[in-house]
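What follows is a set of structures to go through.
Two complexes, one shared chain (subunit A), two partners (subunit B, subunit C).
For the complex of A and B:
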């Protein structure tokens, strides 16, 4: 009982530390950019930008909880968004009534989910049934999914969405953007799924100790398969939001999201070796990253400078985590 | 005989031969000197990288930062040499790039061994930090007027042949560098305490430590060596294409890891050979180079590499699982 309590305090501690980092980033940006950072306009534009990374980060967290990793997420997202784009361009007759468009949009959501789940299922199958290490399985499948996307588009961007479709990525209800609403509802779903269901608790156990999980009678193969499938499904949804926001789909869009989603997960307290992490951490970490990213853009940092900072940031967070866990041991 | 049949390398060699015959059967151009020489030439850079990846994978780690290190070292070297209008020996650029590569590799080793962190995530971080640093603070422009020694190096052939139409083709001398490195690496892994330590670390790091291997020293050796090889590969790459482009080599890590795994190295560490790795590199280069010859559009290249990587890893992992039972 004592160990459980200690663990709880430690995990809250991590969240507390993260919140302080986020608030400091926020304050720093407000101070560096007086009059431009703390504006309604900036907050609106941020609320459209970070949800796609957030959704991908939830998927990354699912893989990392079990001690794995999923490098194919962006590949899945792009493949799903290209399939959706093609279904609009090739199948929908031009000048369709809005009823037809809405039916097609419902179909598009289903298609993205289905395509994402199938891709994720292949990852899960390789990892659980063939025992392929997750790094290699998803490295290979990333090539495969990106490759398929290149083959069907010949490497060009697919454009030509109906105007109604852009609502998913650019619309808002009241002051909340629709991508933000999608992200928050997914967070809620996964908070419940991971904390309250047997399946979620099993995932933590698998990540903490695979052997113990097998002896405890957990069907580890099935649980792993589902977690990669759900990750793929989330990536499909992220692809939907991405293509709708940018009004186009391309095989090599957003490749830097892989590094960033790992960064968000690690920053949010997910251990790369598995067994710990929660959605609250993901939410705060993705906010911290967005504050930094928007602030850097306003300070006219190039994308390359950002890449440099993300890399250093990832290393720094891992080293800080090492020192805090060493301190907790003694 | 049974011993040979059970070897991974033997089967790889057979696959390589059969595949060559199939491609050559579909298109005669495969057997032409032009094609064969160019296949050997394109295996040089990948082969040098693969030797580095092999040693990391043998130790149970992984490195995806080496293409970034290669680009960083060749770009800075070339930029500096152009600045001082360098005309001396070719050895100087190689030494400079190696030194930069070693420094970066030691940084990886320091972070991984001091803080006991996951090598995949550490090298993901260092790789993107180095790439970002290069492009943000050093430059993004392509340098097309390389220093003369590098141009001379790219023209160095150990064998030339004049074709019927008067054009001259040559077997690039850069292949000798790969050959030398293969021999050196095989000797290190087989005959030195350091090399045996790499295998020991990959099998069981605790046991290696108890057996008296200097585990931290081995980490520095491994990642430093990967950095040195990345530096050499970088100079060879930019010299052969006669351009120093800071956007090059991105994504090569996948193909190189694919080649090493295809060559029979186990990602859990401790198993793998130099010969297998070399055959794996030839196989990947052959597949990449032959798609167009057999009439498959180059769009399919990524799909092909992905399928090869997935099937090779599945077969290796499945066999290991069966053997473990």
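For the complex of A and C:
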């Protein structure tokens, strides 16, 4: 077991560094904010906050593994949550019994998954069949999905969820919040998908060398289509958690998540050129970001200052990665 | 302005005796590993020399030391009689040493004229571009090597041989006294190699020396006057080419004897052929191709660049599929419209350019071995069984002679020959019995080449039929029992290789041009 751990550290050098950074961030915040950071209350509140970013980051990683990117994820999440909200508001008769509400909630989950998957499928279609570069395809579709959401809501927030619905975003089982449970289960699913299935390995190979993948007989078009579709499906789920936690759905909610999810992926060791990255990196990176984010809030940084910091952070990591890969080359 | 040509001509007389490069006891280590161990070599003005050796023997490092890219740890370097303690790239260029790397270091998006005049433009420090001057420089430099070419063409659109000419013209224009060429003939056809050689002889007349870095033995014997052979960071032997022959060079390069038996096929022509095509065609690429491949045969297909050779190879593998004619496997008609069709029909393809089309460089050796057959290792719950994968990968690597300390290392860390073995092993694991190889040993050193050929012959013993698409005439003659010549998309000749002479095949190829 010990040998296995040592090997892991060596092979996932980046993961090891990242863990140290995360622990340092944690220690720094504990030191800067004695008595407020290291509290049960803070940890509970963090466990409700980071899972939605975490879910979006898994989706982002999926796109970046193949050498692409998905800028439309938050657009998809918002569109899905608006559709869910409207289905409650318009379709569910007021004063329904809890049985009906539960049925509607199951429907809502399906609707979010379906809407997300369809949006993702469109991305995948543009990218694999028409060879639109992923960054442009998803930039365009981000505007498309956000546009649809604005048109159907006229830009206003949709509210009026049944109280039972808020359990998804605000409930907990024991000490674990439900968003956290959802996130952790998704992590587990994708860890298995990426490490232990033929499909997962194909994604890495496509990201490493598309041309060689085609020559190896991998159905690259289909694999890409599925990966963007699955990414969209994850975004739909993230939308579900977001709308439930805030008890509303809005076309321009959480737009800073796009930059943050790219940040988490890159920090977690996903190479923007494709072919490398794993779920463990995402988990640790999202934690590091949450520690920083919570710490900043407690230190009374404004939200704008935070976005500024995320941007700097992303650029700094890319520069550090450049130097470490240069060093590894020689 | 002084014409560079004039300069060289003036120096010509006394230069013939002087040494342009004199390297003595050069030592160079990387991270404690000695790459060059007391290496000495010299090139005099007007000499054509060859630096030979297998991949990883240190010849590229030596070139980089001479051209000032790497500083040397020990020994002496003299350029044109002046000793350099610390040689920089600028010093080396000033002394007239020009290196033409395999990628030519040209700008594919610029025109021939721009590529040729760029150095002057940068050096002169002008901020405005005078197009008249650019065109004049371009014409002058092409005239210096006696070549006529459309200088307004974009370099990226030129064939490889013309790109090489542009690179040579640029080097000559920069007052080159010694041009070092790194594997210059790898991607050239026989005809182009010959014109390159006559160009190099022309340069010698002007007092410009050439140093070949190569592992193609025949070419060394053809063109060079002096040969230096390296192995494991040392010079094994060095001397006049007239004292060498093919066997001696091979032994010096590999340190072992390599036999030269031709491949013979002893199969049965009565059986239905593994693969047969009838009037196969693809518009604009090839037409009327009748090809037969029997069990255990190795059939070669060769032709000049642009003859439809590569297109035919790809079409048989479903990439850019044929649009007329029929394909049969064991007398049963099949349809190949995609790579998946080809794989499903037991056809494997080892691509021409293993770096861009064959390998996933940053991924592990294991993933490269099993890229397309991971599904074979799925267990009862539908997940991959990594213990099995690992064991099978180690076994495969051993079986195909891939030498690597650990199969989880990226395939980038392997030598060219080992990389090619990985690609071969991958394809043979699909269970295919028709193997198509496109340029199977391009950029592979002699030792590995021999091993790969041996492996191919071994594979045929199990009944696999192999198609080799190559322009390495010697490779084809030694390893194929039949050779087809393709010209303008049609087969023009068929040879049985057991009685075939190399020169006949070359004559036939050149006649078709």
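As a convention for this text, the second predicted complex is superposed on the first by the 319 of 330 C-alpha atoms of A that agree within 3 Å, B and C clash if a C-alpha of one lies under 4 Å from a C-alpha of the other, contacts with A are read in each partner's own complex, and residues count from 1 in each chain.
By our rule, contacts are C-beta pairs under 8 Å (C-beta built on N, C-alpha and C of every residue); 3 or more make two chains touch, one makes a residue touch a chain.
No experiment lies behind these values; they were computed from the predicted model shown.
Novice: Residues of subunit A touched by subunit B versus by subunit C: which partner has the larger set?
Specialist: B
Novice: With both complexes overlaid on chain A, does A:315 touch subunit B (first), subunit C (second), both or neither?
Specialist: Touch partner of A:315: subunit B, not subunit C.
Novice: Just to be sure I read the superposition right, which of the two partners does A:215 touch: subunit B = first, subunit C = second, or both, or neither?
Specialist: So A:215 only meets subunit C here.
Novice: Between subunit B (first) and subunit C (second), which does A:275 come into contact with in this model arrangement: first, second, both, or neither?
Specialist: second
Novice: I'd like to know which partner A:198 touches here: subunit B for first, subunit C for second, both or neither.
Specialist: The answer is second: A:198 touches subunit C but not subunit B.
Novice: With the touch criterion stated at the top, can you tell me which subunit A residues are shared between the subunit B interface and the subunit C interface?
Specialist: No residue of subunit A touches both subunit B and subunit C.
Novice: Can you name the residues of subunit B that touch subunit A in the complex?
Specialist: 62, 111, 115-118, 120-122, 124-137, 140, 254, 257-258, 261, 267-268, 299-307, 309-310, 313-314, 317-318, 320-321
Novice: Could you please specify the touching residues of subunit C with respect to subunit A in the complex?
Specialist: Residue list for subunit C touching subunit A: 319, 339-340, 342-343, 349, 351, 356-363, 367, 371-372, 374-375, 378, 382-384, 386, 408, 426.
Novice: For the complex, which residues does subunit A have touching subunit B?
Specialist: 69, 126, 130-133, 135-137, 139-148, 150-151, 154-155, 256, 259, 262, 266, 272-273, 301-302, 304-312, 314-315, 318-319, 322
Novice: Considering the complex alone, what residue numbers of subunit A touch subunit C?
Specialist: 11, 192, 196-198, 201-202, 204-205, 208-209, 211-219, 275-276
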